[in-house]
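There are two complexes below, and they share chain A, which is joined by chain B in the first and by chain C in the second.
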Partner chain A sequence: MSFGIFFAILGGVLAAAGGGAGSAIGVGRVGRAAAGVVTEDPSKFGKVLILEILPGTQGLYGFLIAFLLLTQIGVMGGSPIQLTTAQGLMYFAACLPMAICGFVSALHQANAAVAGVSIVAKRPEESGKAIIFAAMVETYAVLALLISILAMFNVTANIGA
Partner chain B sequence: MAKVEMKYAEIIAPVEEAKNLFDYLQVRSVMEVKKLDEIEGLDYFETGPVVASIEKYLDTAQTALEIIDKYAPAKSGLLDSLKGLPELSESEYLKKSDEADEILGICLKICNAEKEINEDKALISRSQAAIDAVESWLKLDIPMQFKGTDTTKAIIGTLPDEYTAEKLQIALAAFLEGEDRYECEIISHAADRSCVFVLAHNEAYEKVLSALRSLEFAFPSDPTKHAPEVRYGRMRNKIAEAEAEIESDTALIKELAENREDIRFACDWFTIKRDRYTALENTSAGNSIVAFGGYIPADQCETLSKELESRFSAAVEVRDPPDEDDVPVLLRNRPFVAAVEPITEMYALPDKSDIDPNPVMSVFYYILFGLMLSDAGYGLLMAIGCGIAKFKYKVTGRLKKTVDMYFWCGLATVFWGVLFGSFFGDIIPRISAEFFDKTLVVPWAKDPGSIALWFEPVKDPMKLLCYSFLFGLIHLFFGLGCAFVKMWKQGNKSGAIFDCVPVFMLILGIVPMGAGILNVTVPAILTTIGKYLAIAGAVLVVLTAGRSSKNIVGKLGIGLYGLYNTASGWLSDILSYSRLLALGLCTGVIATVVNTLGCIPSNKIVKAIMLIAVFIFGHVVNMAINLIGTYVHTNRLQYVEFFAKFYEGGGRSFTPLKTNTKYYKVKED
Partner chain C sequence: MRETEYAYAVARIRANELKMLSQQDFERLISAESYSAALRILTDKGWTEPSGTSAYDICETENASLWDFIANSVPDKTLLDALIVGNDFANLKAAIKAKFSDYEIAQYMTVPSICPAETIVKAIDEGDFSLLPDYLASCADKAYHAYTEKQSGQLTEIIIDKECAAAKLRFAEKSESALLTEIHTLTAAVSDIKTARRCASTGKSKQFALDAVNGCGKLDSAKLVNAVYEKEELSQFLTDAGLEILAEYADGDFTALEMFCDNYITRRSRDYKHEVFGPDAVVSYYYGKLAEIKNVRIVLSAKASGVPKDAIQQRVRELYV
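For the complex of A and B:
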């Protein structure tokens, strides 16, 4: 039994955990700011809710990577494929962009979204712009997701599993 | 289509017609009133005090409406908000407006009743507090202020502990050193408080009092003048009276709530009146005439000036707005295009030099939105939901645009979902496999178990990535085309050619090479042509980008910098479209996960029940999250990538004097 499958699963778990932890902190941070606005003006609930959800996508992306990985290496289907340690490490590396960038970008997106919440509080008519500021950060999570997916698929293609 | 041309008009009318004229303009809602420059002999109308008093009435009416909504909530369903406003003809509206004073009287009655209720509530809580304080003294049958007789002095107050008469006497004896010329009585006692009445001989008074003080005795803060029972009864009566008054006031409000529709009308009426007087402030008035200016959409100009001149003895002069003027912007598009206007407005309205981006943007908005959501099931739900709102409830105004937008986005989503074979994820092939033990084979799909008309992105993400870049390239080229048209229309023809054509050549030339990097087979001839096209484009960019600079070094320097900027800018812009793939995969894969989770049990009946529950919950959540993501990222692609190519924004929205109503719509007769 090689460490291959262990490293592959470790990668997927890190992606899910990194993205999920970042999103949890981020959504919580924005939620606190949003709750403050809603105490003053409950009608702004819808607008701040969108801002609160924005840093939550990283958790989703991380989950996506973990799920794809588990499917690719057959753990999900119940018949894991044999991986050498090197192959396992390749999967591990493929997951790293999502794990790292997912965590960091969720935190920073949350910061942008918290600032956006104060836009909604003071100038609700400009709330669209607040969303865009926060969404800018998300680009990098999307790019990381993409690289993780492409790397993973190509690893699978190369080892012929 | 697109941006409506604006004309500027100046109107002069007799002063006695001013009110009716503005009434008429307000119902027509086609003119934005603007102050004229100061004219000798004319002063601006001073309407501030009138506006202030109307605002007070409006406030009263609105408060009254809030009050009746609180005490007698209007029965309304969720879907009622989708229905349009009830309509009033102009004559009905004028007739009803005569009753405004009467309605205002009702509003005042409502407000007063609510004020009384609040006062009574405060009174009740004050009385209740007094009752609580006096309750423990009820057994005392003399006033709490009782001082004593000729030879005795009374001490009435509380001790912070539970005492019986014996216990108190024992406690006092410790301090009194044999003095016994006093009598004590416990009026009431609780765990942490006892009310005591002590009668002491004049000579023993000081000693007894200081002994009591040692036990932390306190005089009551508000002793009664009569026996406590009297105060208790008085307070009970007060509460009963206040409660009766609250009841009658509540009944009155409920009764007056029948005038809800009238009050709503009054709110609208005062809003209209306030807007009119605010607009009147922009007029210059003399002894006999008023004069004012304003912007009118060009196509309304002729009819409006004719109508004004025939109905009133007014003189209208129409001309093109001067260039330096801050001309307001009005967009008018077909519904298909108008649906995305709110998205553009959220960024900024077109400046006067801008072209209207909506016609080009709308098509791409729907396509890109559909590509990112890319699930036929979700698209179908959106289209059906919006279709019901659109055709059955006939929503109007801004809401209609939003509903329209999601309707078209939904249809585009269905389109892409069919191409990619995603309908609530893989629910169709999965049901076939899990419940009927058959791998679904459809004639149009490449693989068994797939229902994709084109291909499944999960099976070949590289292919969709290449197409994402291709769609991005087309989108950006349209942006560049818009830049060309915009500069050409402004008369900057050399700018249009030098700034757009070389970039177009350069990027188009690089595309075959870029495709090669992504392992797409490109005919060699295309790569060769591309190479020369790109070189020519690059040379032209270097030569033309610095044309505004005076000396040759500056021209070359700015030219090279322009080349770098173009290349890096376009590269990052195009890469940004990879989100089309990422978000599309995200929706599809999570939808599949939901279906997988639902199919975990092996018993088919349990599986069916589980699948239904997981299906409904999972897909609702997935759809909601991905809708928000898709909306945000589609906007981003429009704002950051597309608009950056040509759009400046910063225009001011056309805000005509109009009947800005909340509850009724005024229609012309």
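For the complex of A and C:
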């Protein structure tokens, strides 16, 4: 196996691990806060559940990038294409936006969602606003996802794979 | 401990804040026709019906519920210890006094405490201070010998109060709660001002006053005692010491000073009402709830002794909610 394919796979692994780790920490953090509210008022379960789910999307985005990459370089089909080190590094770089932004945005979205849980605790009728505050952070995870996808497809087009 | 570990506790607190008594509830309480009518308002708001008939009962039950709630929510034992370490010293004081008098000690013990009250009583009874935790052992030894060898209840109290103030600050710093450290620093300073003024007004020597102040509240003990005894401008001294918030009340009566101190703690607690992580959110709720309980006790005691509405309103403290 060449260094090129190694770097490409490493990029996919980082995208999945960064997004996944961020989401795991984030969902866990919001889950603790949600449990606090549900302990006092079980009727708010539905509202806090939405907030808990929000930081979980980065994990899915990371998984999507890793899956696309493995498909692009033929690993999913069982016959990996030959990549030079430079080409492998290009795939690696394409995965970085999702890896970094996925991790960071999941943590910050979790913090916003925990604050939203406090809103639900005190003013359940304002839960929509709480969700919007947390969802705003999602924008940057989506932008990172788009850049990673665009960069990856362009790398594929350029190397003619 | 990481601040995010407090997410569960803080969320429970935010949900519980809805159950706290509002300004309108207190207006109703103060305007209640009688003591029993006031009790009814409280039980309607979810306070547990007292088994006895005194204000002490319903407030103590609420206090116990508060502690139960905090102890079951907070992930860090160091914070819990920091909130109640003062009770251990109060119990130590009670245990020493009880040993040399004939009153029943059980009713004077404060709960909750870090060190079980029975252990403190046993250590004092047997004179075996190794039974006590480190923060209490040397203080108990000194206080016990002051009581037995010098027969000085006053000296015993001074020793315990000084150690208590120092321990509260130490525990607060260890808990990493900036708010709790600020509260204990302020209360230590207020306590020093009161001690120095009390010593001066009762004709104690300067040296006695210097020994009596705890010196934990960021006030230079020697300068404070000097300012009080030489009748210098105490407010100016406090301003220079960075405690200008106390300057206005430093020369006035103690009731106003204590009331200001209580209100200031509540105001500072309110500043942390929107924190979502960390120990400060817990500390702010804890002190906010204590202020509420204190207010209820003031109102109920006043109702029981027929104090007029206007007088009650002057005594109640600011609310957290």
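We adopt the following convention: the second predicted complex is superposed on the first by the 160 of 161 C-alpha atoms of A that agree within 3 Å, B and C clash if a C-alpha of one lies under 4 Å from a C-alpha of the other, contacts with A are read in each partner's own complex, and residues count from 1 in each chain.
Here is the rule we use: a contact is a pair of C-beta atoms (placed from the backbone, for glycine too) under 8 Å apart; a residue touches a chain by one contact, two chains touch by 3 or more.
Note that the structure is predicted; figures quoted are calculated from it, not measured.
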For the three-chain model obtained by superposing on chain A, do chain B and chain C clash or fit? fit
Could you look at A:60 and tell me whether it touches chain B, chain C, both or neither (first, second, both, neither)? first
Between chain B and chain C, point out the one touching more chain A residues. B
Can A:37 be said to touch chain B (first), chain C (second), both, or neither? second
Is A:149 in contact with chain B, with chain C, with both, or with neither (first, second, both, neither)? first
Touch check for A:50: first (chain B), second (chain C), both, or neither? first
For the combined three-chain view, what is the angle at the C-alpha centre of chain A formed with the C-alpha centres of chain B and chain C, to the nearest 10°? 60
Given the touch rule stated above, what does A:117 touch, chain B (first), chain C (second), both, or neither? second
Would you give the minimum C-alpha distance from chain B to chain C, in Å, for the three-chain superposition? 11
Which residues, counting only chain A, touch chain B once they are in their complex? 50, 53-54, 56-57, 60-61, 63-64, 67-68, 76, 128-129, 131-132, 135-136, 138-139, 142-143, 145-146, 149-150, 153
Once bound in the complex, which stretches of chain A touch chain C? 29-30, 32-37, 39-41, 44, 111, 114-115, 117-118, 121-122
Contact residues on chain C for chain A in the complex? 4-5, 7-18, 73, 274, 276-277
Can you list the chain B residues touching chain A in their complex? 346-347, 461-462, 465, 575-576, 578-579, 581-583, 585-586, 589-590, 593, 596, 625, 628-629, 632-633, 635-636, 639-640
